Amino acid sequence: MNYYLTILIYMGINSILALSLNIIVGYAGQISLGHAAFYGVGAYTSALIATKLGVSFWVALPAAIVMTAFIGAILGLPSLRVSEDFLAITTIGINFVVQATFKYVKFFGGALGVSGIPFPSIGHHNLSLAEFALMTTIFTVLAAIITYWVSVSWIGLGLKAVREDELAASSSGVNVYKFKVLAFIIGSALAGLAGSLYAHFMMFITADDFSFPLSITILSMIVIGGIGTVRGAFLGAILLTILPELFRPLANYRMLVYAILLILFMRFLPEGLIGDESILWKKLTRKA
Amino acid sequence: MLRVEKLNVYYDRLHVLKDISFEVKEGEIFSIIGANGAGKTTLLRSIMGLKDVADGKIIFKGKDITRLKAHERASLGISLSFEGGRILRTLTVEENLRLGAYRIDKDRFEERLRFIYKLFPRLEERKKQIAGSLSGGERQMLSISRALMTEPELLMLDEPSFGLAPKIVIEIFQVLKKLNEDTGLTLLLVEQNVKQALKIAHRAMVIEAGYEVTRGTPDEILTNKEVIEAYLG
Amino acid sequence: MFLQQVINGFASGGIYTLVALGLTLVYGVLKILHIAHAGIYALGAYLALIAYRIYPNIYFAFAFAMVGTAIGGYLVQKYLYWPILDKPRIVPLIASIGLFLALEELYRLIWGPYVIPFPQKFHWKSYNLGHIRLPGSDLFVFALSLFFLFILYWIVNRTKVGLAMRAVSDDKEVAEASGIDSKWIIALSFIIGSALAGAAGLMVGVYYNSIYPTMGDVPAYKSLAIIVVGGMGSIEGTVIAGFGLGLLEALLIGYLPFAFPRDALAFIAMIIFLLIKPEGLFSR
Amino acid sequence: MEKANQKSVILEVKNVKKRFGGIQALKGVSVTLYEGEILGLIGPNGAGKTTLFNCIAGVYHPDEGEILFKGKHIEKLPPNRIAGLGIARTFQIVRPFKTLSVIKNVMVSLGHRNYVGYGRLFKRPKKDDYERAMELLKTVGLDGKKDEISANLSLGELRRLEVARALALNPEIILLDEPYAGLRRHEEGRISEMILDLKKRGLSIIIVEHRVRLLMELVERVVVLDMGKIIAEGSPEEVKRNPRVIKAYLGEEEVA
């Protein structure tokens, strides 16, 4: 039972991550290969506030969200100066620098990471695993509602316009700079939420939890599911959480299978499983 | 020398060339005239092999080349001077010329180079310069020269007068005319600059929005009401 | 002390440059960020290992590794990149990262996760220049990198195919209309770039006397930083940025008052650089 | 000219210069647009017409000179501000938001007031907005294709979509960049009709076009640009007879 609950919690956290990256990459079209950095900022903020100041999870969580949104706004600034491949490499760089900062600066716990992060509690009652899973699920649904709302409101329209054609968007009255930074802020804030959940669930984090390969995994989730859609981000997150578990008997070949899947997807199904342009989704919607 | 039969070309769903047919005879200057967006550039790109043809045939020296790749067509003797003096901007002038001579051997390269420098002495002065730093007129000269270095039998030129001062346009057209008279080089010239193009052409065709409007000798076209219409209404 | 750091910086700069040059060549002709290039680099080290076990001669090992990686590079462009060139930019990028991961996993499965020493220990002679000691291993790496750089320089600037490579990377259509088979030139860029990476892999294997599956990680990300600073596709820019980074690292690490990883330095330098000059050193 | 003079000036371009690298694209261009008129801007390839457009629309900022919209300086504003002020444009090479549906393309512009500040960013478009978008699609004859992905439209349809998108800004001026380029003959008529309809709504219009014949039916006044300079200005009839224009279009008489 605990095993399944843990998987459920991972699924929730990964879904929030995928949904948040989807705002930056899927809606706004800004290639980011460093999403784990924002996740890490959230986790570290939450962990440090909780351990150093002794505040509860319920204070640490919003603080982490605000902090990550702020950092997201700053780290999103390069997207105003560079684009496409330059941005991709810059975001990889951001991931490395953030990770190295956590690992080598004493304040962040250095190579030992941060331990003794309190598990969330209400009053004197420590949450049970099931309760944590429920809470994560609620946050996940909330994140889904937020990203869906962003997608259908004016801001989503503006973001998608920026993604399709910056000049035409600008000529339609969209302030391209503002919208790009907003995408990074909202996306980072949600990643901060995921990071806080992760920190308080694991109760112990190190810099290596937020390394570059994780950024790729998150990106793979939305690409495999179908970029730019809430359902795609969800499906991708769930699949990429469960698949490694299913491959557990293949333990030794797990990463290889995963990497090969990634290549095959890019080679043969780059529009994702249920993206707007995928064959499967077109069939499903035609019947409906 | 070149025969184009019922050519149809699309960009995505846009039908750019509609049943275009014509023939260029050996040693002549054939001009294709039309306003912007008429499909002139697309036509040359299709003949060069840079744009896929949906329907129709391109025959060069009796050989069907419709499905050949651009570099294969270049070795057969077709050459193109791109629009707007498009050349390799990061290479030097001489390297651009060397590139044009990619398929020919070293001795003939030197000979060809002397020939080009005689045509456009200004290029020799600038031979070590990066091509991107040339003026508009020099770029156009280089573009034509690069195309000439391949030792073509058919030289296609895409708007050599584009954006150039009248003095330079005259200079370039004089060179083209001389080339044709002295060496018998066949030219396929695409132009917006009607009078200039017709002045040196033996025959010409007018296209508009992908269709053929009319064709004939320069005199026939210059007195054709439809042509004036197409341009100035 | 200072000069020794400089020599060390030149040695690692040489390796960075060799690896990054492959990326630059590929980016020039295909505009793809070929991250799996670092997987090819590690392949070079492993192939050298095999070669050395078959026939213990360092020249043979070089030849074997370089031919093998060249073939590897050729296959990658033909079967992975070529079919997805017209897809959105993110597709070949993720495919490349996927291939990189897959290669590292393959090496781990075949040769094990541990560090394998190079079969022969080379005894480097150190040279003394006045009272400065020049470690032979550094000189070996530096000299060899210069050798390969010279060969590349010669190919690119003095031969016909080199001219064709530069032409394709500048304007593919003009190159084709000049009679160049751009498909072959692109393949050739992969072949040359991969062979250079193979040589670099071997050199690192010998230099540190260790070969392991994830040895490509650090060069992978560093060469990205290098090509950005160099101006994406510019060979001169890459050479300057590569050696510059090697020197910067060696000097900073030697004198920095606190511990900071070499690898993050590259990116910090890159980000600062980008903010000042977003188009890189030698952009076009 | 006389008729135009009675109307008030809505846009004034004064001595605008723009240089790209070694090429002086605009060498001091002054153009005046009067309220409610259609002004034709013609000239051969490379004359600087699109550059001028981009300067007005804020894509480029002129090196020198001023641009005044209803007396207000706009030469330093970014495109989104200029769009918000009421100067809309279309593009020579169409730039639809490819993966968005036709109606969403229009909605993007329709939302321009909501993109200012933060309060309205997170509101959803209302029924009125959809109705307004449909109205605009109807005026350009695309209402039947509202849910089609815009990448699937024909070029003529895309040009009309761009007009609908421009109209959604509720503009006072609309800049049309080669609205006929690449169209089939039967589509040309539709575009002309649409442009005349825009004029009827009181819009001031500048059209850049190569195809003088098509322009002549629409415009009262034509400005001719060649090599970055204005070489003629006047009624279509005047311009047509102007020897400098004929020379620029039909080319130099003297060869060899």
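List of remarks:
Residue numbering begins at 1 within each chain, and the chains themselves are lettered A, B, C and D in the order written.
FYI, a contact is a pair of C-beta atoms (placed from the backbone, for glycine too) under 8 Å apart; a residue touches a chain by one contact, two chains touch by 3 or more.
Remember, it's a predicted structure, so these values are computed and weren't measured experimentally.
Common partners of chain A and chain D, by the touch rule above, are absent. Comparing mean CA positions across the assembly, the chain most remote from chain D is C. The chain pair with more C-beta contacts between its two chains, of B-D and B-C, is B-D. Centre to centre, using the average C-alpha position, chain C and chain D are separated by 50 Å. Averaged Cα coordinates give chain A a centre that lies 54 Å from the centre of chain B. Annotation: 32 Å between the Cα-based centres of chain B and chain D. The geometric centre of chain B is 42 Å away from that of chain C, both derived from CA atoms. Shared interface positions of chain C, defined as residues touching 2 or more other chains, are absent.
Chain contacts: chain B has no residue touching two or more partner chains. Under the stated contact rule, the graph of chain-to-chain touches is a ring, a single cycle where every chain has exactly two partners. Which chains touch which is summed up as A-C, A-D, B-C, B-D. Of all the residues in chain B, the ones that touch chain C in their complex are 48-50, 69-71, 74-75, 79-80, 82, 86-91, 95, 98-100, 102-103, 132, 146-147, 149-150. Remark: chain B residues 13-16, 35-37, 84, 133, 135-136, 159, 161-163, 165-166, 169-170, 173-174, 177, 191-197, 199-200, 209, 229-233 touch chain D in the complex.
Residues 22-23, 44-46, 152, 154-155, 178, 180-185, 210-216, 227, 236, 240, 245-246, 249-256 of chain D are the ones that touch chain B when the two sit in their complex.
Here chain D touches chain A in the complex through residues 57-59, 78-80, 83-84, 88-89, 91, 95-100, 104, 107-109, 111-115, 120-125, 165, 168-169, going by the rule given at the top. For chain C in complex with chain B, the touching residues are 160, 163-164, 166-167, 170-171, 173-182, 284.
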